[in-house]
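In this document, chain identifiers A, B, C, D, E and F correspond to the written order of the chains, with residue numbering beginning at 1 in each.
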Amino acid sequence: MKKMDKNIHTYISCDCDYENADIVLFGAPFDGTTSYRPGARFASKAIRAESFGLETYSPYQDKDLTDIKVFDGGDLELPFGNTNAALAQIEKYCEKVIQDGRTPFMIGGEHLVTLSGVSAAIKKFHDISIIHFDAHTDLRDSYLGQQLSHATVIRRCHDIVGDGRIFQFGIRSGEREEFLWGEKHLFTNKFTFDGLDNIIKQLADKPVYLTIDLDVLDPAEMPAVGTPEAGGVSFNQLLNACILCKNLNIVGVDVCELCPVYDNSGASTALAGKLIRELLLML
Amino acid sequence: MKKMDKNIHTYISCDCDYENADIVLFGAPFDGTTSYRPGARFASKAIRAESFGLETYSPYQDKDLTDIKVFDGGDLELPFGNTNAALAQIEKYCEKVIQDGRTPFMIGGEHLVTLSGVSAAIKKFHDISIIHFDAHTDLRDSYLGQQLSHATVIRRCHDIVGDGRIFQFGIRSGEREEFLWGEKHLFTNKFTFDGLDNIIKQLADKPVYLTIDLDVLDPAEMPAVGTPEAGGVSFNQLLNACILCKNLNIVGVDVCELCPVYDNSGASTALAGKLIRELLLML
Amino acid sequence: MKKMDKNIHTYISCDCDYENADIVLFGAPFDGTTSYRPGARFASKAIRAESFGLETYSPYQDKDLTDIKVFDGGDLELPFGNTNAALAQIEKYCEKVIQDGRTPFMIGGEHLVTLSGVSAAIKKFHDISIIHFDAHTDLRDSYLGQQLSHATVIRRCHDIVGDGRIFQFGIRSGEREEFLWGEKHLFTNKFTFDGLDNIIKQLADKPVYLTIDLDVLDPAEMPAVGTPEAGGVSFNQLLNACILCKNLNIVGVDVCELCPVYDNSGASTALAGKLIRELLLML
Amino acid sequence: MKKMDKNIHTYISCDCDYENADIVLFGAPFDGTTSYRPGARFASKAIRAESFGLETYSPYQDKDLTDIKVFDGGDLELPFGNTNAALAQIEKYCEKVIQDGRTPFMIGGEHLVTLSGVSAAIKKFHDISIIHFDAHTDLRDSYLGQQLSHATVIRRCHDIVGDGRIFQFGIRSGEREEFLWGEKHLFTNKFTFDGLDNIIKQLADKPVYLTIDLDVLDPAEMPAVGTPEAGGVSFNQLLNACILCKNLNIVGVDVCELCPVYDNSGASTALAGKLIRELLLML
Amino acid sequence: MKKMDKNIHTYISCDCDYENADIVLFGAPFDGTTSYRPGARFASKAIRAESFGLETYSPYQDKDLTDIKVFDGGDLELPFGNTNAALAQIEKYCEKVIQDGRTPFMIGGEHLVTLSGVSAAIKKFHDISIIHFDAHTDLRDSYLGQQLSHATVIRRCHDIVGDGRIFQFGIRSGEREEFLWGEKHLFTNKFTFDGLDNIIKQLADKPVYLTIDLDVLDPAEMPAVGTPEAGGVSFNQLLNACILCKNLNIVGVDVCELCPVYDNSGASTALAGKLIRELLLML
Amino acid sequence: MKKMDKNIHTYISCDCDYENADIVLFGAPFDGTTSYRPGARFASKAIRAESFGLETYSPYQDKDLTDIKVFDGGDLELPFGNTNAALAQIEKYCEKVIQDGRTPFMIGGEHLVTLSGVSAAIKKFHDISIIHFDAHTDLRDSYLGQQLSHATVIRRCHDIVGDGRIFQFGIRSGEREEFLWGEKHLFTNKFTFDGLDNIIKQLADKPVYLTIDLDVLDPAEMPAVGTPEAGGVSFNQLLNACILCKNLNIVGVDVCELCPVYDNSGASTALAGKLIRELLLML
């Protein structure tokens, strides 16, 4: 019979204590600068709930979630309408996790939350690089007059990490100026993951922050994002790219921009949940 | 900053320990005999998640959830495809709660779960009566050859409690035979809550089990049920009927048949959550 | 065990042969002049399929579908893109039914199909009157240059039946000119069914065609129509109006404008099916 | 044949020039502080597009949009993620309209936009009062640490207009503290519009700002709002309340919180559009 | 003009009599053990209705449904909540079809219905093998305490047919234990159809039961299944695999797990209908 | 601050005057002969509204919409229920554009609108050829008794342009008779774009009309069409085919059959918008 204890809610099988965990999974339900279709705030809750349709075992990597130690810290409670305050809270949480020697695994929210993750990580890992999977360059300097935006987030990250430290894959949308600026300051591979294996060898054991905007996927497989952009990579391609990253020294991960409001069939949320399983097992 | 503790998930404000609680809220996610549109299994999770759109305070009763002691035990884990086993588990849980001197408040699932609640309650409260709000009589003797069904549940309850102990309101659908049988064995008020006040006076302080099939409401206000039946009561009418019940000695409550799959706007789930708040405050 | 015969599909319990039937139920899946949101073509199929969520017994009228003789002829196969040809086919079918001494009960389709029903009926019943429940006057003389349109249908019926023969109820939308024209040529009761009982008495045993545009109902109860118009009547009010009509000599009925594409919860289709049950029992 | 001019997009029939207009209709697509379900940013575009399913004539008031002069200015382009900047832009636009002697009619957006409307109006109309139709008190002093929020907007308006100037109707949700605070500083009528006629007489020809949060309506008729709250008023009741306001000296109007993302049937958007027609004709 | 006969409802063009048919198509609308998202019960009705959007001709195989003899027996009427009774009815029907020398073609329902098909077939074809296309191994011994479940169905089939008789393709989800057990008792090809051609040659003219769980497809093409699992095969790959099977002696077929409730666009149902056309033509 | 001018609505960046434009983009919202699922009438409005989620720059062609001159003429106002009249209006508009030396770019609407485009073009370009991307042959001679239908449109075009002038790609559905007829009168490449490059060379600088039925795409990427047909080409394949066409002398383009009603996620509309950007840049 069911025990009469608390009703604890985690991503499937991530029931380790904080003290004993290697990875800290948590949600950053912020979508305040989303310009097109808000709703990424609901992603972490949806992924957690739908994760029970998954198995804990991966036939891709022959590993099982029951073999690793992950603490699911639930979702941060962020203020609405105050971008700076929300980012600061996310950064503070990430920083604590990193200082405690654990790897933060953040479920966005919109892509701007990556700025908090990178800001927290660089305090400990000064020579950090960023691997960025996305449909969009996110390299605008400002957007509708705002410097903090999901459309400027990688530019803001560049402000912190500097030239030659950011490696983008899957990019298929942006202003001409963004592409031109990018050519001078970072590595962009358009449309595919070509060249990722070389970058990984090059980065060797340097600290890396991995950020995945789920709209890098084709909208056929991932329709429920803020800005669906046709012509993306497949799940299997993304999965292979992620598994390749096991050769990196990853010190922080985020998966952003699932917008469950537009996921009528539930397939997008299920995919995001499966990708997170594979990323957790890859780490 | 967010504390790094467990991610506990309850209906809003129902965070009392089991030991100190007066009411035990829990979900019975069973919909195995649903003949038309399954999905009531998802009701309790949806109501809990959406309850955070509510306030804890009721301007209807001038009471606040923070003033009462409710333990939210989460959802039972029930087997799929085995009706007897699922009902037995629900009954066992209800019985424990009742024997411990607490009031079970069950969120269905389909209406058949009421049979488990009543079976558990009658062990302690031998002269129990049932107040039943529903669009359907649920008085078939069997349905498609099965004696255990959401369409036979009140007939099965009658098997246990006997004549003159069941009081139905809001009924507007059934076979002719069900209505004829009902006239001989129980009290049925068609379409409205007329006469409820008299029944309440008559029951005085005898033990009462209250079961609400949400399809008693008009589908305009509650479209997301297994079998929407036009011409129902309004939320305000149902709310008034529920508040009237504060004069009863209620020993068990259930709210059944929300089917969130059909709740595109979220309004049905929100209504169910609000009704539960009012019922908790009424008890 | 299931017999291995044909898979016959009817509205619940309407399984009488044509030869023995008093009423002929059929679908006219035409929506070719719908100006706003097409899809009424799917109404009859949806209503038939969903009718199995209903009981055959009506507690409103204490009658049962098993006691009456209805043949469900399925749906007409109408050409797309040719309004005249489609209307002609519908008229021909209605005419045959009427000449055979049966009452046609047509499920639209958009409201223009009423013109075919009335055209067929007047050949036998020269002094026919029309009872019309609708949100819209449908009294334009032409619409976007077309004389045959869902927005002109009652005006076209007036061309046939003449002054003083049309009685509208529930009307709450139209151009100023339509209302002004209507005042001179027919009876319009805005917003409600007030006065219907008098009209019924006045019509005594004269032949009457009853046409119901489901958008006469409030969109709360009937959102899935081509043109939802707030402020309508309730199902219970419409049901009472329909039951009142049992004192009329009804020679044709139609129920139009359900658009199942917009019926996510299924509640609109279920309501339409229930209304049809009550109308069949009323006849 | 279609003329080859520009493709101008307005609410139905609101095609007057700014210079000649009495009323300036515009959208303020801001939903940055929405705590529950964002999406009100899409309201004005949806209402404009769906307005073509309406007639210009109102049988309720026997008036026609073609008889009045309204300029539809389209939507403001507001920054995302910066609440102060967005509010300032809205206020500036309203102020210009008011200084030019026209009445601003703002389509929200979330309810916080009202603060900009009131701030603009009080510069010209120092003794302004506010009529407020809503399900929620909106009287929190801060919400999740923020003073600017859709849940605090009326409290912020009170900061500006002071005691005895705000009149709330239809309220059925809030914290206990909000209701207690409200009792001392403004007039709140719970659940209904009772007493509105007296307030209107009392205000006589003083300047009044009218703000309508569409969730004052029952979710049956208006499911597509950020926070559906069961037990609301009907469209007909709200319409009557609005028409009563024709006896006021209204200097600004807003209609907020339609969230078209949750309007699968389109009925909520259609209702909002119809309400705006009636308000325009009432002014 | 439409003839006034019965309204017979079949999959497109499958209008042969039982007596003259080679193939008997029928629906088994059972989803009682579905653990995640029920609704496969609606699959056969939806596929039949939507089949009229298809052509009868296949340009892939240059064959036409009008050239083959298929009887569509409609749907079985199964009891709800009693797994054993439902399975027994399905088995009885299949057995009759097989004993009459026809090939049963079953549209599920959930995957557990395959057990009935195999149980019926093995009575006549003692050395039957099973070709199984699926995302999931379905090899658990029990699930939530139940031995009969959609998650155990192939294990139960193995109980009947024994080692070396089951050939799985496309598998990409399961517990570690299921994969390990499978290695010893049957053939599993993960992710793709690689090796199918060899298996087909090996089976030569031995009797084969073909079971297709539609979630073998990528959720991009088939989102509307009970458990969408990213990374699946494409329709063209599945189609090719099915056409390869024309070289087998197939004595029974089923297509399972379409869940139309989650098929907002209708594309999943359309795909399932097209696949069935190709399978019928392949047989 | 926002200027108080008109609210002009165009596809992103297509704000050139008619006089100075090279291309005239416009919508032909006609879906009157759609036999399966109507709603293509809403395509042009939806594409225009959603185009603001796109960038003006194409990384595929390294071109930008700001560099070309496109006038967006909005949508034609077509009569409902009168196919001939609607086609005549579309033709008249196209003819004017062509006579004025501009290239018409029509957004359907159903595919029958192509007939108007071709009829207009052939008046100026007598030796016009047609490149046709589609899932369906559209070569029936009549459909349900009608010669003008979305299912006959290419046959009607053949009536005008004659043998050897039509080149179909991606075709995967049709009656056997259509394929047989097609073999004699035009070029059909089934399933893919194989051979397109040769056709393009062959056509050299002859005038070409390009018509794209969006259902040529796989329903995974484009579910929101009238008739989803599994097994289609990918967006990247279609994009490459379109870019190849830059070597043609294109004198008219249309993109048809998007049906936004079935586009819950918005991904289909976004894809169509992106395809139009690429086509505009290709021209």
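Convention: a residue touches a chain if its C-beta (ideal position, glycine included) is under 8 Å from a C-beta of that chain, and two chains touch if they have at least 3 such contacts.
As the structure is a prediction and not an experimental result, all values here were calculated from the model.
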{"item": "Neighbouring chains common to chain E and chain F, by label", "value": "A, C"}
{"item": "Most remote chain, CA-based centroid, reference being chain A", "value": "C"}
{"item": "Selected pair, out of E-F, C-F or A-F, that shares over half of its residue contact pairs with B-E", "value": "C-F"}
{"item": "Classification of the chain C:chain E interface as same or different, half of numbers criterion", "value": "same"}
{"item": "Cα-superposition angle relating the copies chain F and chain A, to nearest 5°", "value": "120"}
{"item": "Averaged-CA centre spacing for the pair chain E and chain D, given as whole angstrom", "value": "55"}
{"item": "Distance between chain centroids, defined by C-alpha means - chain C, chain D (Å)", "value": "38"}
{"item": "Numbers and ranges of chain D residues touching at least 2 other chains", "value": "37, 77, 218, 220-221, 264"}
{"item": "Chain-to-chain touches, reported pairwise for every pair that qualifies", "value": "A-B, A-D, A-E, A-F, B-C, B-D, B-E, C-D, C-E, C-F, D-F, E-F"}
{"item": "Of all residues in chain A, those that touch chain D in their complex", "value": "31-35, 37-39, 41, 77-83, 85, 112, 143-146, 148-149, 261"}
{"item": "Of chain E, residues touching chain A in the complex", "value": "36-37, 171-176, 179, 190, 218-221, 223-224, 227-231, 262-264, 268"}
{"item": "In the complex, chain C residues that touch chain B", "value": "52-57, 59-60, 64, 218, 220-221, 235-236, 239, 264-267, 270-271, 274-275"}
{"item": "Chain A contact footprint on chain B (complex, rising order)", "value": "1-2, 4-10, 18, 24, 45, 49, 71-77, 89, 92-93, 96"}
